[in-house]
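One chain, chain A, appears in both complexes that follow, with chain B as partner in the first and chain C in the second.
Showing the complex of A and B:
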């Protein structure tokens, strides 16, 4: 028998995976979408081939953890994740066949186990390097697509909410992107010149950047609230503006508040990027006979660009999250679905609003990371 | 020819340059030497208008530098600094091409010039596409010098160009610079605080102290007649004799080849190295030979010391 070499990270995770079903409900089953459900343990929900797959996944993962087999661990963790989805979906399908209004929601046990399996996957992928990371990403995408397209998950409460709200969700997503876009574009137009000015005139920088920092500390709800009165007054004073859609509630205050939040990361990162240009490089540029505008466009801006892009990334991710809160002042977007679910007690509806917000933020972050030039080093 | 007339420049009430008159002839290799704060860098930067004098004039070939836009002026003067300041986001080739690109040269001409300069500075042609971050300190400064020479300026300004390099690399680059100056006949003004470097490379040594010229002389003139104690300190009181020997090639003091074959020494050696060799071997006569081993003459200890 080969020698055991327990993996110090995977083994505790597998242990946690084994005990989680004992303490937490895997799913909850309710008579309809608004009442709270009855907890259902994993052992009660699991049956048939899905249960066998889960058992196999867990066993293989344990083996991989004991023998240091990161490739096996990737496959086993993926199998386990697939089995978790399958078990929950199967249980929902079976239950709704006998009780059409019954709702099966994913419970703490499901999320915990999914999270632990995902951690195993990430750790194993880290150990195998680039190829393993690609394999893990591909497996997760394939499993998710398979579960969704095969209809296995269709009877889960969150997907039934999705089936009801499909059109609304699409509109909300577009609206969300619109709010973020409308806030970020003017932020760039104002924030970048402001950052340049702050770097050129340190006196101005010492004044403006801390002021923008104070704006960041204002809770988002409060800032949205603060926008109500002046914009309502503005609309009352100039009816043309009101006809153009400016009012105390809706898009206008949301966009304005997001713009104020977004100025700090853009302006301060622009200033920091410019300040990071080495003085000898500027000295040499002057000494070779570059004009101030050539130095700015050919040297400063290029060297400040990575910092600027990082600022843009922070801004978009932050604005995507904050835009959800803007639903409270009637701006619409994914936040509207989220709060709809929260206020009516339909938590799966809230989840349906929240997941795309996270997805958007992660996607924006990923795209901007890919776009940023490799660090100059 | 460069003429500085009564130039002054003060920073926060302290005079960095306090009324300097200086002439550097065409083709000269002028070293500005002094301690930190002596005003040598400020003086250098006045020539390409990186620093504007509070009063006085700077003339290049009889023309006031203020008659040209500073950028136009600088594009025709090479500029090298201690920290090199290569553009980190550009390749080596594009760094070298910086000034020709500013001057709007045609692409083929720029390409040819890059190849020519990389050969002159003995840079591996494969480095053309490299990023400055991947270069060693010595390579980076070679690129810095190539960039300064790119538009073939008549005048090269260098601010402690080798100060940040290790001694071996520094000596190698000093040799290159001496060779390039011989081959191209450029006028070079060079700031340093290293007296050996100044004596080795320069034809004119200008000693500065607190913004004033203390002495302006040839290297041998400086060694023979230091103007005051500050210059003597810079020259190193114990080493002066040896430094004078270092300025002299052995060929200038050797006699006709003698009959007895003594230990050999290369004709390109200076008298200080020859003296060191005699001390090492415990002999008082050396045989001077060229690179083919032909005996050119014999070197006697008495002649070395008599100078």
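Showing the complex of A and C:
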């Protein structure tokens, strides 16, 4: 038998995975969606093949932790995550077969175990480098798709909520992307020339960039609030504007505030990217007989592109989160569903709004990182 | 002294706005003639500011202390195995919008101030951990070796050599953490915590633009004052 070489990170995580079910409810079961539920332990909820898969995943993960097998750990952690979803989904299906109005919500125990398994996955993927990260991402995506498409999770409270709100959620998602898009596109048109100007005239840069920094410092809820009064006054003064949809609440103040927030990362990254172009490179381009405008378009912009893309990534991730807050001033989007859930104390509704917001931000981050020429995983 | 001028100016504005808001009633009456109650009176603005500060101070102080401790631990030889995980989580976690984290964390732990503090704390940890690690690993090995050569033990070396050199980056992390916490704490009024966000939310639901303006001005001034204080500390370190 090979010598044991316990992994100092994975082993404590596996230990925590073993004790979590003893202290926290895995799911909660309620008679209907309005009353609060009764805690159900993992050992009570788990049965059949799902329980066996969970045990197998945990055993393999422990083995991987004891013998330093990061590849095995990735597969074992993914199996365990699948089993957790399967167990919760099975329990909800069984319960709702006998009590149709019963609601099963995911409990602290489920989330903690899922989080610990995810930490194992992240650590093991980190140890194996880029290939492991790709495998882990693909496995998680496949498991999520399998659980959702097979209908295993359909009877969980959050998916029942989703079934009721499917159309609303779809519209909200589109609206959310629309708000972000309407803010980011004009930002590029203004921000990139502004960044170029700031880099060429350092005096202007010293004035403009700190001013945009001040805007970034102002919390979103405050900036949205500050937009409200002037825009409402503007609409009252010029009724044509109001008819065109410009008013204190709704899309207009949201898009305007997001635009102001987005200018800093775009302008400052453009300026920084241009400033990082080495002077000898420009000299070489001049030596080749390139005109100033050729140097700008073919050399400067080309070399500044990764920095610009990083600025765009920061902007979109930031705007996705800020657009959720914009629901407070009636802009709609996913934030509207999220705050609906928060105001009425409906956890599943809040999750239904918040999870896609996180999903959008993470997806945008991932895609723009992949698009970057000097991709940093 | 000049350094303290900017934070003092913002602080003066913040305090003047907090204590003088009620005496601006004639201004709000003339701006919003249709509103019956043009000034938020449910709580005094001073009480709101104090409640907001309390929430932010507790969450940020804990996030800062725990975050720096984690950053130190994973850069010591005995904790180095955890550094990669800490770096990955603190970078990836900041992709999550803070408001979404609040919306998930608070209802799942029960509404009220304690879950809100915990949610703010967890999010605030990320920049603190990230910048503490970044600050400590950029201390050159030659400097650390020199300290050891002078007979410094590992803790004295950390305290007198590594931490002072890492201080500017750690401070940047704390600034990011505190500014995010101030904004997210204002949104925490949606889960039933009284903060400076309360007049904004009541104003939005009751279509009272004056309330929205009053809350928004104070939240903005608080953030700008805090930012100026961090700037001043940064200048003093430099």
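Here is the rule we use: the second predicted complex is superposed on the first by the 361 of 377 C-alpha atoms of A that agree within 3 Å, B and C clash if a C-alpha of one lies under 4 Å from a C-alpha of the other, contacts with A are read in each partner's own complex, and residues count from 1 in each chain.
In this section, contacts are C-beta pairs under 8 Å (C-beta built on N, C-alpha and C of every residue); 3 or more make two chains touch, one makes a residue touch a chain.
Predicted model only: the values in this text are computed from it and were never measured.
> Hey, is it chain B or chain C that touches more of chain A?
Between chain B and chain C, C touches the greater number of residues in chain A.
> Check the residue A:72 against both partner chains and state whether it touches chain B (first), chain C (second), both, or neither.
neither
> With both complexes overlaid on chain A, does A:284 touch chain B (first), chain C (second), both or neither?
first
> Of the partners chain B and chain C, which touch A:329 in the superposed model: first, second, both, neither?
A:329 contacts chain C only, not chain B.
> With the two structures laid over each other on chain A, which partner does A:302 touch: chain B (first), chain C (second), both, or neither?
first
> Should A:225 be classified as contacting the first partner (chain B), the second (chain C), both, or neither?
A:225 sits against chain C, while chain B stays out of touch.
> Classify the contacts of A:321 with the two partner chains as first (chain B alone), second (chain C alone), both, or neither.
Only chain C is touched by A:321; chain B is not.
> Would you check which partner chain A:341 touches, where first means chain B only, second means chain C only, and both and neither mean what they say?
Second partner only, chain C.
> Just which bits of chain A does chain B share with chain C as contact spots?
none
> What residues on chain B touch chain A, complex-wise?
48, 50, 70-76, 79, 81, 83-89, 98-99, 102, 131, 133, 144, 147-148, 157
> Could you pull out which chain A residues touch chain B in their complex?
278, 280-291, 294, 299, 302-303, 376-377
> So in the complex, the part of chain C that touches chain A is made up of which residues?
31, 81-82, 84-85, 88-89, 92, 95-101, 103-104, 106-109, 111, 179, 182-184, 186-187, 190-191, 197, 200-201, 203-204, 209, 212-213, 215-217, 219-220, 223-224, 227
> In their shared complex, at which residues does chain A touch chain C?
Of all residues in chain A, those touching chain C are 7-9, 108, 111, 119, 122-123, 126-127, 214, 217-226, 228-229, 232, 248-249, 317, 320-322, 324-325, 328-330, 335, 338-339, 341-343, 345, 347, 350-351, 353-355, 357-358, 361-362, 365.
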